[in-house]
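Given below, in the form of structure tokens, are the structures.
In the two complexes below, chain A is the common chain; its partner is chain B in one and chain C in the other.
Up next, the complex of A and B:
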């Protein structure tokens, strides 16, 4: 095998990714403004709910797929832990077929830790199609769209849904997705009409288009990629897969930077040897 | 909700299959091979199968079949029988639920005529309905996202200077106008200073005005900047990027070009490159996250190493 074959690079990357796990390194991150804002929005909802007989719900919109769960799962799990620790009831809803099932697995695992009961602390409204029209229908006649949970229980029979009238009883929408175009309907229909705070979690690839939405006040906080998850885990005080992953992520990034530098130096050296370095 | 206890055998089998699938997918790094191709197809098939199943169980069955077709029809028939009204002719006249919702189901099925070359035109009816409603909604969405009070275009028009108490809009505008005045006074001063340096004789009063305007402009500018430098930097950067990137798309090629527009366009191009670089960096991070997730799965769940 020649030394410049990509397989050496793959091997180096594999080592850089696995070594931090074997060494059990967990990395702490500086908290960025968008993640802090996301945390503050949840805290604000918890404070609003204190002393209220009928608590406002958080809506966890699960619009991700297995291909993006590597980044989204740590974010969602950290948020669910936050909801449960602050006793904010939440409902899962999804416009991607796989989303609600994946979110339900996470909710189950967190519920075991917090001894949270289904129907009291959380519930699953399942998968719905046609996002724009469904959201608009939820705004005008909620109970015709959301009638029962995934188990077939009528939602008014769930203790957390007793007295729930309309979308005004939702205090926060948290949309998690790895696809584009799924955040906008919530902003346009729910935030614009009811001023419901919107929180967003996305993959690293999707981060850039979200910043203008944050600075214009269309969303109130967001976490991007594994780094966002690690920061949120820190804020919640429950380090998980995000914080574990960031050590590997950082080492892999250092490796990539080193490789870029080495490749450039090699090229410069080749030009210098030919005497063409200053002629370019 | 009942907690489902999974047999450890099935858990172990799941882990083994998961590990095998992961390694098979990574075998592509060595070269394209049949094992990789097989698992790729399994992945796509599983995704599609799950989608079909969950669309039926979560959407079509509860909202269409159970409520509108099967149970709806059965309830209707039962009620009519109890009332002694069961008569097919009467049913046809008043029972609207079954035929209407059944018809919608049939129209929905037209989608699958895409598979037939001869009857493909039928599928266009469904596609047309969806595209039409989508286009109608998107107009509202675009307007709302960009041009309303919270719209991204509206929020791009930012004051370049903000006082410490940025909630005070009147003071923001006062300071912005003050900053513009300071800039104008400074430009006037610099313009005359250049003429003095070029040896052009100017009346005494002009020289005094020049010195005074330079001092005043600098003092006013320093005062204003000291009140809102931090926020002004961010806003200024956004406005500068907006203008320069617009210049890049408008003036990079052809049309009326001068040094200012070319300079702004060049800066816009660099700013675009920086933005693409940041996006690419995030993309690399995302790809590594996928690899890290698989490493976590193999090491922690399958091999129980950490």
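Up next, the complex of A and C:
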């Protein structure tokens, strides 16, 4: 067996990511500051809504594609469970064609569990084009942009939308995406103008550009990758696919680590054999 | 002539948003621009919808020509056209007259085919990343060594086993904390530098587009 043959590496990767799922091991993570902040923002909105006749909505912006479902879905599902447990009404909106449909499936599954009714606990405003222009138009004349939900019902006929005037009635924007550039318009237009708290969920590889925004207070919390989802599930008290995925992720990361170390040891051994190790 | 018309509309639409942002809302002009903003936004959305239509026409022209002339790869063109019109047809059929068959066919194409294919292609990344890590991540210099150590800490900080490893090694901090420090201090400094440079660049590019100085291919053709 030649260990450098890709097929052995591929087989090891396949086993490392599938076996833990079959074993259904759920692993917990220490809660990081960005995820704790994301949880606290939702809690704050729930507290503000208490005793209020007309509750502020949360806006769930579904901008992900099926390719990133594995990381984003556990994050969104945990957040929806949080919204429903704290009775925060939320609306789904997306600027990627696939996002709102995928988010709707998650909302349906959580709604069955919480016995939450469509139109009262949540609704779907669907897919919109031209992100920057639409957000700006939503700020100035909301009802000309968002007229009806995906089922064709005028939004003012939905019980949760009665008395909804403008974007000021949105208490939180939760933006989920696996792509770059989709968080900025919410920060530039909505947070800058109305100071609406922004929560962000993204894939693990997209985490790094988010830190400057979190540090400067442009966003109020975020969860990155499967690890972020697992932490949020712990905070909500509902371990799901995020926590299940941590075992697979652990094994896969250890495998990559092992491969890097093995490759470097092999190279060092070759240099030592040639007597060139200390000349480098 | 076309060049001038495009340049003029580009300048006016860009300048509108600059003025709307800069002018105070209590002035007569500022108020008028703010009132016009939603209508301008709607007009942009309508133009964007036309752009999608133009895109569809362009794709159809290109692939129909390939199909009828039986050029190399015509099978792929046929698959593309069938997928595009099939998806559109079943969605429109489902929206206006929702029989069970239309919903099933749409779900078959979208949920069972498109979604699964996208997930499959993306999941292949795991295999390539692992293979690339083995082949390419070699410590051949001090810089490469630092990068590798950073990558290992970030990777281990993403998993629960990382902290247990740090505990076992009796490190003064957990790997989750170390990862967070790398991401929120070292990474953030680098990201800010990159973002600042990118935004200055995009500002310069925006001004060039606004003033019609950008040597765009469409404008060049027309002269």
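By our rule, the second predicted complex is superposed on the first by the 277 of 280 C-alpha atoms of A that agree within 3 Å, B and C clash if a C-alpha of one lies under 4 Å from a C-alpha of the other, contacts with A are read in each partner's own complex, and residues count from 1 in each chain.
Everything below uses one rule, namely that a contact is a pair of C-beta atoms (placed from the backbone, for glycine too) under 8 Å apart; a residue touches a chain by one contact, two chains touch by 3 or more.
Because the structure is a prediction, the values reported are computed rather than measured.
Once the two complexes are overlaid on the shared chain, A:260 sits against chain C while remaining clear of chain B. Looking at the shared chain after the overlay, A:126 reaches chain B, while chain C stays out of its contact range. Of the two partner chains, neither chain B nor chain C is touched by A:156.
Once chain A of one complex is fitted onto chain A of the other, the partner contacts of A:276 are absent, as it touches neither chain B nor chain C.
Contact with chain C, but none with chain B, is seen for A:29 once the two complexes are overlaid on the shared chain. Of the two partner chains placed by superposition, only chain B is touched by A:148; chain C is not. Of the two partner chains placed by the overlay, neither chain B nor chain C lies in contact with A:180.
When the two structures are aligned on the shared chain, A:109 is found in touch with neither chain B nor chain C. In the superposed pair of complexes, A:69 makes contact with chain B and with chain C alike. In the superposition on the C-alpha atoms of chain A, the part of chain A touched by chain B in one complex and by chain C in the other spans residues 10, 13-14, 17, 65-67, 69-70, 98, 101, 129, 133, 204, 207-208, 212, 215, 225, 227, 249, 252-253, 256. If you check the complex, the residues on chain A that touch chain C are 4, 6, 9-10, 12-14, 17, 27-30, 32-33, 65-70, 98, 101, 129-130, 133-134, 136-137, 140-141, 144-145, 204, 207-209, 211-212, 214-215, 225, 227, 246, 249-250, 252-257, 259-260, 262-264, 267, 280. In the complex of the two chains, the chain B residues touching chain A come out as 1, 3, 29-30, 47, 50-51, 54-55, 58-59, 62-63, 133-134, 137, 140-141, 144-145, 148, 150-152, 154-155, 238, 275, 278-279, 282-286, 288-296, 299-300, 305-306. For chain A in complex with chain B, the residues that touch the partner chain are 7, 10, 13-14, 17-18, 21-22, 24, 65-67, 69-71, 73, 97-98, 100-101, 108, 118-119, 126-129, 132-133, 147-148, 150-152, 184-185, 187-188, 191-192, 203-205, 207-208, 212-213, 215-218, 224-227, 241, 244-245, 248-249, 252-253, 256.
By the touch rule above, chain C contacts chain A in their complex via residues 34, 37-38, 41-42, 44-45, 48-49, 52, 110, 114-116, 118-119, 121-123, 126-127, 129-131, 133-135, 137-140, 148, 152, 155-156, 158-161, 163, 174, 176, 180, 183-184, 187-188, 191-192, 195.
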